[in-house]
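To keep things simple, chains are lettered A, B and C as they appear, and every chain counts its residues starting from 1.
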Amino acid sequence: MMQKDIKRLSLFLLFAPFALWIALLIVLPHLGMFYISVREKVGPRMYEFGLGNYINFFTEPIYWNTLIRTGSMSLLVTALALLLGFPIAYYIAKIAGNRTRGALFLMCLIPLWVSDLIRAFGWILLLRETGIISSSLQWAGLINTPIEFLYNDAAVIMGLVYTVILFMIVPLVSTLDGMDNAMIEAGYNLGGNGPTVLRRIIIPYAMPGIVSGCIVVFMLTAGSYLTPILLGGKNSSWFTEQIYDQFITRYNWESGAAFGFLLLTFTSLVVWGGLKLSGQTLNSTVAKS
Amino acid sequence: MAIKPNTAFLTSYRLYVGAFFVFLAAPLIAAGIFAFNDSVFPSLPWQGFTLDWFFNDSEPKLGMFHDRRLLRGLYYSFVIASFVSLLSVFVGTCNAFLFVRCKFPAKDFFYIMMVLPLVIPGVILGISILLLASNVANGVEEAFSFDLDFLRPGIVLVVLGQFSFITTITSLVIIARLRKFDASMEEAAYNLGASRFRVLRTITLPFLFPAMAAAGIVAFLVSFENFNTTLFLVGSEAPLTITMYDRMVKVGSTPVLNAVSFFLMVGSALLAVISILVQRDKPQT
Amino acid sequence: MHSTTGNDLATTENDLECIQVKKHFGSVRAVDDVSFEIPKGSFFSILGPSGCGKTTLMRMIAGFEQPTSGDIRIKGNSVIGTPPNRRNVKMVFQHLALFPMMNVYENIAYGLRCAGASKDVIRTKVQDVLERISLPDVANREITQLSGGQKQRIAIARCMVLDPDVLLLDEPLGALDLKLREAMKIELKLLQHQFDTTFVYITHDQSEALVMSDNVAIMNEGKFVQIGTPQDLYHNPSAAFVAGFVGDTNRWAGRVTRVENGTVEVETEAGLAMRGSIRGSGVPSVGDQVSAFVRPEFITAEKPNGDARKSATNQNVIEGRIDSILFNGANSRVLVRDRAGELIEADVVLTGGTQDLKPKDDVTLTWSAEQTMSFKV
């Protein structure tokens, strides 16, 4: 019947852009990246298959350590973003009055639209030796010589938390906003106090939003490039810098591909572990936000 | 409103929230304010208010609107963002109809595939596409001696790289809107004699339009400020973020970069506000 | 069941005919062999509980579903192969489905535009139909600025401007509050006369169906149980389902103790005994189970007046005590518990005087055997 043919044709036409996009820009490139990562250069234009690139990664302590360092600092940043961001999200969703809420939420969105670059730039202006904070402290007489606040781990962590915390707050606000106040009131009514209500009612309810926020934040942090480099300088050793190094500086694309694949695997494992631990699925968290 | 906790707690809570927003604004203000400082360095002391960093046309204080390279960067960013925006809204709309209206096997699996680009680090997206494009270009060159220029690092690759994950964003926005559509309106239109195409044109798409516009604006903004993916795909025609980065790291910065930052901040804020207004529904009686 | 004419040949006397229409979803029979005819210019309702298949039937008439078998004819021509945007059957949807991105004029003009009418023709027709629904000045208003009743009328006008052969209405009054609903019932009836078009109205609310229709079909589990005028269905239900569904009624399950040319004596399990008339198909014999129905308006409740009333062969007389009173002015009702413990509802008029019945009063209930409709189970 005509109706069925039309339906099939429209399904095909609608599926085509989706298929082309995912296949050509996501699936194929990643397969290709893996394929390249298992090639070794044995001579000019001569390639052989092998895990040489990966072995190289594991035997060279600097690469291995950088990945671990990146991963652990990312986890720290994620935890900080959650701890610092949850109260803000809760305030916006539950405590602020209606008009303040709109204004606050808008204030949260605006820095998101501004590039990583500008935000890192701003921090540099604040924290460097000749920057605002150092100059102000000198002017107030609290210190005598300019202090370099940049180029250490604390600066990198703070910069990263700054960059990602809004990606934690925005999904949390949506989740908490959907929470019926009556649930919280019932919790108190049945005898609970602040911490109990928080632990047993609010947090479990907000769990999909929390997990979603943590996944996005972790991914953004581990994959971050500008902030660690600009704020950390030579001491930054962030893994994305290693990847850039391999690709652009050394032109060793096979090695770079292997590193890229390792980063992807590492972050995916952490995300998968986090999902399993909290009992959620990708669909119920990231897709909803 | 939930239960009111005691006032001391509330006050310190409010202080915390206030401090947070100060923390949020500090670097942005720092970046923007030096655009108006009449000094060759973006640092204190303050030497007077000036608009030179925007409009002056001679060294040593070359204003933003006369700096050729920066303006070119702005132009390329604009071109790239426009293409990415149009493409991703188009594919996003197709995806919305696909997932909300059609029935096909393994739908959940494909939906996860659609969301996946958002959880892949931008750096990985960049290098994977670079590898594929280069290999294909090399292969074709070796086999047919034909140089597929658009597969080399350049604007096309940057557009494709950004498009790869921005489409997920636009799809999610448009899907959310399409889900709220009352299908009986389409049936009513058929019943009144409209053809399939007419129903789409006069009923469905007008309903979707606010979401499509908002998605387009979001896509434009995300594309404009993207760095990680662009870094690996950029050729000789560099967008603004790359140009600024080069300037900052290699050459050393004058406050012209602050002027650019200020300009971008104001522009993004305006676009973001427009995108929110566009999405607001008409009030019901 | 077939309607009284039972004529299968296509006649142009009928605006709409369904002939043995079936719709199966797998093993579920949503519509199970339905046949009926609707003569020109009448108001026909399909009444049934949720899930009885009436919406599926309506969607098949409009063309949004295809029947598994059977034929549907509009003005004598089969429309099975015609897609929904080509049939001359227009539909008012349950939530009206007015287009919010267009104003009133655009909404009504939509179908005319699709048909390719010229600007002048459209203007004339839209203005004309707006006058017929008594809303001549709203052409430029937005949909969100209309009241519930106005939206109803616009939805109907949007269909009527296209001169359809049949207008389908899918439970359109559900979203309105009570007073508005009552007013709209009268309006719909008047509109139907105004436009002189066949209206097919589906609903689960029997008061809507009875008040407005020339004919009503009672539908249950995919089948038409009875088709007839509202009076027919009310006073001569052909099946227990119809008796229980249409109008208020007392209902008992009982066992036959005696059968005598058209009347039965029934006793409920609790021990309440009454005489009734045999209705529906099948004559019960002694010992069979039956359902007995009496409408509260046929039961008189009076204070016992000492006369030892002998129960005549056509009267039921029961003693009981008032359990509670449901006050509703002239439509008040008493709930009476008889000696056997059964609860019986009877209509009374409460004037507010001292003669009124009160709870815990003893009463005598009287009603005729003729009004006790008994159906073999």
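FYI, contacts are C-beta pairs under 8 Å (C-beta built on N, C-alpha and C of every residue); 3 or more make two chains touch, one makes a residue touch a chain.
For clarity, every value in this text was computed on a predicted model and none was experimentally measured.
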item	value
Chain pair with the higher count of C-beta pairs in contact (B-C, A-B)	A-B
Central chain (distance from its CA mean to the mean of all protein CA atoms)	B
Rounded Å distance, chain A centre to chain C centre (Cα mean)	61
Approximate Å spacing (C-alpha centroids) for the pair chain A, chain B	17
Distance between the centres, which are taken as Cα means, of chain C and chain B, whole angstrom	58
Residue ranges of chain A touching chain B (in the complex, touch as defined)	6, 10-11, 13-15, 17-18, 21-22, 25-26, 28-30, 32-33, 36, 84, 87-88, 91, 94-95, 104, 106-111, 113-119, 121-123, 125-126, 130-132, 135-136, 139, 162, 166, 181, 184-185, 188, 194, 215-216, 219-220, 222-226, 230, 240, 243-244, 247-248, 253, 256-257, 260, 263-264, 267, 271, 282-283, 286-287
Residues of chain C defined as touching chain B within the complex	62, 64, 84-86, 89-91, 93-95, 97, 99-101, 110-111, 114-115, 142, 144-147, 158-159, 162
Complex contact set, residues of chain B against chain C	182, 184-185, 187-195, 198, 202-203, 206-207, 282-285
Chain B residues within the chain A interface of the complex	1-3, 5, 13, 16-17, 20-21, 23-31, 34, 41-45, 90-91, 94-95, 97-98, 102, 104, 108, 110-125, 127-132, 134-135, 160-161, 163-164, 167, 172, 196, 221, 224-228, 231-232, 241, 244-245, 248-249, 257, 261, 264-265, 268-269, 271-273, 276
